[in-house]
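Each of the two complexes below includes subunit A, the first together with subunit B, the second together with subunit C.
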Partner chain A sequence: MLRAIWLIVRKDLTVEVRSRELAYTTLFFAISCVLVFAFSLVQEGRAAEGVGAGVLWMTIMFAGNLALGRTFERERQSETLRALMLVPAPRPAVYLGKLTGIVLLLLLTEGVLVPLVALLFQAELLAHPFWLVSVVAMGTLGFAAVGTLFAAMLVRARSRDVLLPVLLYPITVPVIIAGVRGTMAIAQPDFEVAVVRFWFSLLVAFDVVFITLALWTFEPVMTD
Partner chain B sequence: MTRASRREMVGGSVDFDEVSVEDVSRHFGRRRAVSRVTFRAARGMIVGLLGPNGAGKSTLLAMLATVLRPSSGAIRYGSLDATAGPALRSRIGVLGHDLFLYPELTARENLAFFAGLYGIADSDACARAALERAQLDTRRDDPVASFSRGMRQRVALERALIHDPRLALLDEPFTGLDDASTEALLGRLKALRHGGAIVILATHDLDLAEGLLDTALFLRDGRNVETLSAPGGLRSTYRTVIGR
Partner chain C sequence: MPKWFSPAVLVCGVMFAISPLVIAQAPYESTMGLVQKVFYYHMPSAWVFLTASVVCGIASARFLATGNPRHDRTALAAAEMAVLFGLVTLVTGPLWARKAWGTWWVWDARITSSLVGWMIAWAYLILRQYGGPGSEKLAAGLALFGMANVPFIYVSVNYWRTIHPATTVVPKLPFSMGFPLLFCLAAFYFLMFLLMKLRVRVAEQQARLDAIYLSLDEQA
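Let's look at the complex of A and B:
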C-alpha cells in the first residue's frame, strides 16, 4: 500500500514538474485573490482585526477547488483514473496518493500565500510559526480530504466544475471556520496557546473523521 | 525478466482457468447496455466480441474488468468473483478504448509506473523489456504526447500486458496500427493463447478477427444474437445476424 501511494505521489509530482500547470495556475489565482482583497479591505495600511485570517482561508478554499478540479481533469483525459482503479493496489491507496499530491501542492501555494497575507494585511501570522504551520497544514488536509473524494467521484460527471464547489464548500465549512479562528488566535497580540490548541485539536478531529469516511467510501463510490 | 519474478505482485496468488459470464445484464437508468449475455472462455482461448457501435461490447469488457458491476447475473473467474478485489485484478490486463497513458510521462516512465503498481520488483527493467517488444526502445525516453496514435496503442498494449495477466481484455486493439504493427499484434495474441491466457477482445475489424478467434459473440443492442465456435465466414454471419 505504501509503495502504491509513493508511486502515485511521485507520478503526480513528475507530471507537475514537467507541465507546471497546476502550480502556476493555483499560485496566480491565489495571489490575484489576495491582492483584490487587499485593495478593498486594507485602509490606510491596516485591515480590520481577523481579516487577514479570513482572506487566507477563503483563498485556500478557492485555490484548492481549482487545484482539485484540474488534478482530476488530468486523470480523466486519458481515463487514467480508470487505469488506477484496475491495478491490484488497494483502492484507498489511490485515494491517499492523490490526496498527498494535492496537499503538497496546496502547501506549496500556502508557502507564498501566508507571507503575502501577513505583509499586505499587517497580520502577525508569522509570530508563532509552529502553530501557524500546524493549523494551516491540518486545515488544508481536512479540506483536501473531502475535496479529493468528491473530485474523484465527479470525474465523469458532465457538470463536475459546478458540482464540486457546490458539494465541497458546505461540507468543509467546519474546517474553514476552525482554520480561520485558529489563525486569528495565532495573530492575536495577546497570544493564548490554549485557544490555538483548541482549534488545532478540532481540526485534527475533523481530519480524522473526513479521512476515515473517505477511505471507507472511496472503493464503493469508484465502482459503478 | 523471468515470469516468476514478474509474478512477485501485489495480491498475486490467485489464478483461474475459466471465465464464465452468466446471464449478465447492465442497465444505465432505463437504457439497457447489456442484456442477458452468457458465455464461457477457457485458458488458451481468444474470444471476440463483434457488433456495431453501442452494441454493449465495451460495457461487457468493463464488467469483466471489475470496474462496472452487473445489474443482474454473475461473472466468475474460476471459483472467484469480483469481490476477490486486488488479488483478482492482479490477474487481469485491460487495454481500453482510451489508452490509460499519461502524455507528460515518457513511454518508459508510463510502463515503469504501472509495473510498480502491479508489484513488479524491477519495474524499470520490465518497462525496458516491454518497450523492446513493442519495438519502441529507441523512443523510450520521449514523452508519450509526442507519439503517433499507433505508437501510443503499442505502448498501451504493453501496459495492459506488463504483468502477464491470465485474462486480457482488449477493446479495439488494432486501432491506429500499421500493417507491421498489426502483424506483430496478431502474433502477440497467438502467443498469449499459446501461453494459456484468456483473451477477450472487442473489434470491428472482421478481416483481422477471421482465423484468430476461437469463439465469436455477435452483440446487437446489448444482446448476444449469435455465438460461433471455431468461426469462419465472420463477415457473412455478421451481415446476417447484425443486418447493418
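Let's look at the complex of A and C:
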C-alpha cells in the first residue's frame, strides 16, 4: 500500500520535474491573483486589518482549483487514467498518491505566497511560524482531500471545468472559515494561542472526516 | 399513481388554503407583533428542507453502497425538495429578521449552514443536469460530502456568536401558538411527501422509457 502510494507520487513528481508545467502555471497564477487583490484592496499603502489572511486563502483556493483540474486533465489526455485505475493496488492507494502530489505542489506554491502576502498586505503572518505552518498545512490538506476526489470523479463528466469549483467551494467552506480565522488570529498583535488551537483542531477534524469519506467513496465513484 | 393520490392532493391544497386563517387565529407575540407570524411558514419549511437534505444524503449513501437505482431516484427527488423548501426558508427568514433583529442577514451559525447546505443541494442538481452520463454516482458522492459538511460549518460559525432563537423555544409555546405551528408543519411535510412521490414516479417512468428505447435500438 505504502509502496503503491510512493510509486504514484514518484511518477507525478517525475512528470512534473520534466515539464514543470503545473508548478509554473500554478505559481504564476497565484502571484497574479495576489497582485489583483493588492491593486483592489490596498489603498495608500495600507490594507484593512485582517485582509491578508483572506487574500491568502482565496488565492490558495483559486490556484488549487486550477492545479486540481490540470493534474487530472493531464491523465485524461494521455489516456493514463485507465492505466492508473488498472494498477494492481487498492484504489485508496491511488487516491492517496494523487492527494500527496497535489498537497506537495500547493505547499510549494504557499512557500512563495505567504511571504508575498505578508509583504504586500503588511500582515504579521510570520510572527508565529509554527502555528502558521500547522494551520496552512492542515487547511491545504483538507482542501486538497476534497478536491482530489472531486477532480478525479469529474474526469469523465461533461463540463468538468466549471463543475469542479461549483462542487468544491461549497463543500470547502469550513476550511476557508477555519483557515482565514486561524490565520487572522496568528497575525493579530494580541496573539491568543487558544483561538488558534481551536481553528487548528477544527481543521484536523475536518481532514480526518473528509479523508475517511473520500477513501470510502473513491472506489465506488471511480468504478464504471 | 395510486388511487389515494388525487384526494391527498386535494386535502393538502385545502390545508394550505386555510393555513392563513389558522395563523390569523394565533395571538400576537408580545414584542415582535404581526411579523412574528412569518414563523409559521419559516420553521416548517426549514424543517422540511433539513429532512429533505438528510433523506438525500442517506439515499445517496445507500445508492453508492448498493448501486440500486431506486435509492438514486429518491435522492434526486429529495435534492429537488431541499432546493425548493430551502428557498422558502431563505426568503422568509430575512423578512422576519429585518423586523425582529433590524437586519436582513447575519452570519449566524444556523443561517450560514442552511445557505451552504442549500447551495450544495443546488450543486447536486447542476451536476446531475450538466455532468453527462454517469453523473448520478458523482452526485451521490457530493451529497454524502454535503451531509458531512454541515456540522463543520455549524461549529465554525457558532464559535463567533449566534443570535438564532434556541430550539428549546418550540416545546414551550402556548397551545394557541403551538396549534397553528403544528398545523403548518403537517401541511409542509404532507406537501413534501406528495411532491416526492410524484417526482420519484416521474423518474421511474423516465427510466422505463429509456429502457424501452434501448431495447428498440437493440432490435433494430
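Methods note: the second predicted complex is superposed on the first by the 224 of 224 C-alpha atoms of A that agree within 3 Å, B and C clash if a C-alpha of one lies under 4 Å from a C-alpha of the other, contacts with A are read in each partner's own complex, and residues count from 1 in each chain.
Simple rule for what comes next: contacts are C-beta pairs under 8 Å (C-beta built on N, C-alpha and C of every residue); 3 or more make two chains touch, one makes a residue touch a chain.
As the structure is a computational prediction, the values presented were derived from the model and not from experiment.
Looking at the shared chain after the overlay, A:F62 reaches neither subunit B nor subunit C. Once the two complexes are overlaid on the shared chain, A:P88 sits against subunit B while remaining clear of subunit C.
After overlaying the two complexes on the shared chain, residue contacts for A:F206 are found with subunit C alone; subunit B is out of touch.
When both complexes are overlaid on chain A, the residue A:F191 reaches neither subunit B nor subunit C.
Once the two complexes are overlaid on the shared chain, A:F29 sits clear of subunit B and of subunit C alike. Once the two complexes are laid over each other on the shared chain, residue contacts for A:E79 go to subunit B alone; subunit C is not touched.
The contact surfaces that subunit B and subunit C form on subunit A in the two complexes overlap at residues 224. Note for the complex: subunit B touches subunit A at residues 9-12, 62, 65-69, 85-87, 89-90, 92, 94, 96, 98-105, 109, 113-114, 116-119, 143, 159.
On the side of subunit A, the complex with subunit B involves touching residues 3-4, 7-8, 11, 14-15, 18-19, 74, 77-80, 82-90, 223-224.
Taken together, the subunit A residues at the contact with subunit C in this complex read 146, 149-150, 153-154, 156-159, 162-163, 166-167, 170-171, 173-174, 177-178, 181, 198, 202, 205-206, 209-210, 213, 217, 220-221, 224. Touching subunit A in their complex are the following residues of subunit C: 64-65, 67, 116, 119-120, 123, 126-127, 130-132, 134-135, 137-138, 140-142, 144-146, 148-149, 152-153, 155-157, 159.
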